[in-house]
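There are two complexes below, and they share chain A, which is joined by chain B in the first and by chain C in the second.
Take a look at the complex of A and B:
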């Protein structure tokens, strides 16, 4: 009897796994392409970047088509995959597109970057690692199981440690080692937290009811600490306090294309998983003695610290990439705000913010990389170039204004929406901490303006040193690219409803 | 055509800006001519609005009557479904009433004068005029917008052109001045943003909500009965949350019945939530006070003025500062009348502080432009005092004072510009007896100075007297505050007369003998600007009803908010 049961159970499970395979075609393609490019490089060494990038692009395109098929075929029931390891949701599908877009942008940006091409890194490995990261990110976006979250996060992390060193100089190695050390540390902490959580509730499935009930019965303080530890790896990925320390060094030393990628895709994936995570933990009231603490309180404190730290540190930066690193920290704080709000508007505004954030970041890094022809990433050496290349300068202005969060850019709309969500949460909970976060977050825009404005300031308000000895070449491709990235930033301000209508469908 | 006049005011300069950007850099003269023509047209359109604004009894007077605005345009712009939070609706909603009609005229006038004064700009001409037109468009937009979101868009949008106009074409310390201006004003506007978010999430649009909730059929005209029904359902809490249409419409925010019953900004919702209303009121007041500017948030103003080129100073003092006063009237006071009454004495004291402190500073300044800048601080204090009085005289006087100060400060800054163009020096003590070298100029300076210090017959007198009358009459302000304010007039007379005496009277002497040949009397363009403005101050000083006729009805409606 027993053995028969076991066999039928086993075959049942196998069937379920086989059924699930249909839903991970995009991931399979990514994995295949990753191996394929490595093999290709073994057979034909030193293929030019253009050809390799083309092949990668092909893989990305194919993946995108498959993701689109998923979008078309998606049914709510088809969500639960691999015995509850992964869960496919419309939001995951949407962000898979975004990840692919990020990879494509990174490939293009790396191709455009002179510094990257001059150091002649192994192109095939570079692209293969990007694809591997894509695979990890795709899985991360679908993970609902602590083990799966950890695994896919490690896939992402391991690739990023190597990618961070792709300038192959001392600084880059330093940055990469720093990244590795902090990353390994936070992974360890995360694993520890997860094992504690497992101990409390006996399941790794965060969507499981048992997970919530188990945690609710455990000691409040212990769960709070364990939850915080389990978040560590994710906070590290989104570079939020107190796991932000790697950010400035890696941003400064790594190739710009890689940095632009780090600033967007892993961050998005991290925030998405955090969202899932806090949706679950938000249901629990923690009692520390007589004081009731909520999960969102913890997030709110982290958000406040991150925003303040990121913004005020960015004030002192003179190097564009370092400044953007601190700005990325500050934005991590803003990304936590919808998680604190934890309501329907919070979810929508988070998706909106993330979408806009991708555009802003790639716009900013593309421009910074373009300027590196003359400026070596020092903001001060941007002097006067805005007058010489008005369109370039205007592009910088729009991106910086969007990052600050001023109208008429979608950056403003994104801020408006997340702060609306937070106000709503405050209204319903009357939690004073949320009000503090609300005011601190909004007023920090003044600080942000000061350092973002530095770039347009040098571009337009200072004269071009005569004679400008290095020559800036801006190709048509650059303009086309900039317009593609920047136009939506303005367009979505005036037609917010269009993007929001799309995001609303991702329930 | 008449229905689109306000849109024309906004989009005409915007279109011209695009045109300028498309022309090649070499067309310097064309840029100037285009700008002059466009601002001239703007002035013309605003005069048409002035002339056709209906003032007969019973004509629409706006403020909180959603359908009471003249030349109104209203189109839905953005509609977001926020799920269980309801809907968010942003309108492209323009309109004029007595509170803003004179400011539209003022903007048209000052921008035109500024365009003439811009003729002397020689460097990066294309960028300058493109930004100038952008500024003009956002200023107009700010005054006619009736949707908070739209207002805020224009309010923020004018920061960028202003930043570059000061930062690129300014004087020696332009970089410092421009960034200071930007940071201060942005801080103010963030306070306003805070208030905006809190407000729109607390307020619904009964019209749209009625449709959304199915209380009115698609084709049915929504009458008062349906509105009341909607508002009653809202108050009872029987209106499903996802049917609420949150609005940014300013007039909707002035109606108590539109507030969600559990919102912490809900008026008369008991004593425990009064603090939130007070906080948001002060956030708004502070935000606009920085713009006005009010001591101690005024320090950006002297810097910005001293460094800005003449036409930008003219626009800054003539129009930009008025947005602060207008915002207090239209937004802070109209939406929070209860708080306005509660804190009337505080607000009035802030006004008086600005009057006295600004005047004392003006007295001490050695730089003519700084003296004029501080006189602006002092004069804008009267606006705040008038508004705080919450009397018909005071509020009418405040609007008049804004209009009058717009004309006079434009004149004063052009006067400074005239001197600076000739000698590149603005120190008061470097000149003496200028009346002998420049008699006509001195004549116009005397008009400007006397009008500013409040000589009867000129517009400055009316503004100051009415605001003071209002504050003395007001039951909400302690009498002592008003008495101190009178001292501001005395001080005003002191610094203007003293400056006049030092610079223009006595024996002709200038610091540098070379200047003697450079000190021409007025050129035709300067004649045109100063003469026109002098005529305006005289006309409005002699016939204040030219302004009061348009404003008084709306002010009455406005004051109605405070007795309900």
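Take a look at the complex of A and C:
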């Protein structure tokens, strides 16, 4: 039935796939561990969290070692995997480490969480879903094919919908169903956009030359609309406007550990894919009639709206997790700035920002979770605890200053870098929209000061209501983790070069 | 003749989808969905995607929809055979919703009109080689599924397992 020619071509392709397998060992381990934990739970029911978390940690460690091997063995030629589905790059390898770090932090934070322990959720499924999400994130960081991007995004999303419901109460179901509906809607929109893009160029592979030429020849407005629609799922993941609506409710209703994870890892993966996407679309000039529009203009408008909306909504929040949700929206806007700049400094500043962002967020959510012992996530009830527990208070102060973007923290350095990248782009293009974005970004940092510093204000400058009836227990492990998370925030402010030197290598 | 069939099935899809929006009776909506699915399967067949057309019928009409109908008939008991009372939530922003919907539709229609797919280089070359209609698509699908699309194929397996785990988890935990 098949001609000889076809058979030899097929065997050639199969050999290429077999060769590719060597480069996805970390993902294979994650998939294996995902299945393994589910099986383990079927055989021994009701294993304690400590043991299951230990096994998960083992898997994460093994994956980290394999990712490190990839880093050592990496050659530019080894990039193209599975006949163009994935592409391994040093940046992808670096962020795989970050994803693993995020999962490890989440596992630890979930074990620490009191409410999580009291309601006794199914631990095995929790950890298995986290691992599946890790697999999706790893693949997303490497995807250069529209189909692969969509599928790995769906793996991440489906796991997220379930993890968001892990308190199993009414509020959690509400948040989760909201998340699911918005998610389904945005991935539908994304598929629509992707199918239009496929129609324009006849290939799914975004690094392919045919993709760029196909888009360049198509009508400007059509490509602009299709590109925006295809971005929908990614904008949803990083909770940027206009796909942000789920964020506050999900953040409020989900377990803190899960929220901390949502705020970091999927966001990073989303921004990385967006970066690749806009690298391709940025090469094209779109003509709407006689007006020239660039892809970055669209991103700039989105960034401006997102920053303004996130910051001004955060001003009125009285609940710590809700406030952090709006802060996450505002940060999504800031993360779009390097994409708008789209230059070399923009790339480095984006990687710097993302690295710092992970630490800030896990620090903030860890502290919020600790404080939840004495307060129902209300900022008002933090009154005076900073004086009673100076280290905790200091931790809050540093993290909040870093989130605002003030010295002496790496949060300041990150903001400085992205704004300089944007300024550089403005200098070379003289595009007024970039200047507007620059000014809006700077002004909003001042606005952010007000709501971020509300927490340290209540912690230190208000007296402790006497007598402090609930007791706050802070373990040595908490201190150790907080120091590990917060110390780099200050260290990288003084030694920015150390991190930047590494990030510069990730070409 | 083919063009006539095409427009007939398009009409079927659009009308049944529109009626689905208007009807309050959930069983009617399910049957109208059946018409939509069948129309889409016919469209697939018309463009030569034979395998896709058959799987559309087998999976959507045969599987998903029958399950849906079972679900409705086993759980839904209208009082006295009447369609159930008005929905509990009030419908708000009716005009804004309609306006956004129509605006978005106009935008997309314009995009598709401007995109001018028939003149795209890759479609022209595929048409000139007569690759589109003459052969069955199944051998190519099979070969591609095991080569170019092997990784997506495997990832879908994981995706479905995640969905399965999630569904059982949420169904088994009563809040």
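In this section, the second predicted complex is superposed on the first by the 505 of 507 C-alpha atoms of A that agree within 3 Å, B and C clash if a C-alpha of one lies under 4 Å from a C-alpha of the other, contacts with A are read in each partner's own complex, and residues count from 1 in each chain.
Simple rule for what comes next: a contact is a pair of C-beta atoms (placed from the backbone, for glycine too) under 8 Å apart; a residue touches a chain by one contact, two chains touch by 3 or more.
Source: prediction; values computed, not measured.
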item: Touching partner for A:103 - first (chain B), second (chain C), both, neither; value: neither
item: First (chain B), second (chain C), both or neither touched by A:29; value: neither
item: Contact breadth on chain A, by residue count: chain C or chain B; value: C
item: Which of chain B and chain C A:419 touches, first, second, both or neither; value: first
item: Touching partner for A:367 - first (chain B), second (chain C), both, neither; value: neither
item: First (chain B), second (chain C), both or neither touched by A:225; value: second
item: Touched partner set for A:442, first chain B, second chain C, both or neither; value: first
item: Chain B-touching residues of chain A, taken from the complex the two chains share; value: 343-345, 348, 387, 397, 401, 406-408, 412, 416, 419-420, 423-424, 427, 438-439, 442-443, 445-446, 449-450, 453, 457, 460-461, 494-497, 500-501, 504
item: Of chain A, residues touching chain C in the complex; value: 1-2, 6, 10, 13-14, 17, 31, 34-35, 38, 82-86, 122, 125, 128-129, 132, 135, 139, 147-148, 151-152, 154-155, 158-159, 161-162, 165, 168-170, 172-173, 196, 199-203, 210, 214, 217-219, 221-222, 225-226
item: Complex interface listing, chain B residues touching chain A; value: 77-85, 88, 124, 152-153, 156-157, 159-160, 163-164, 167-168, 174-175, 178-179, 182-183, 186-187, 190, 193-194, 197-198, 200-201, 262-264
item: In the complex with chain A, residue positions of chain C that touch it; value: 107-108, 110-112, 114-117, 120-123, 126, 139, 143, 146-152, 155-156, 158-159, 161-163, 165-166, 169-170, 173, 175
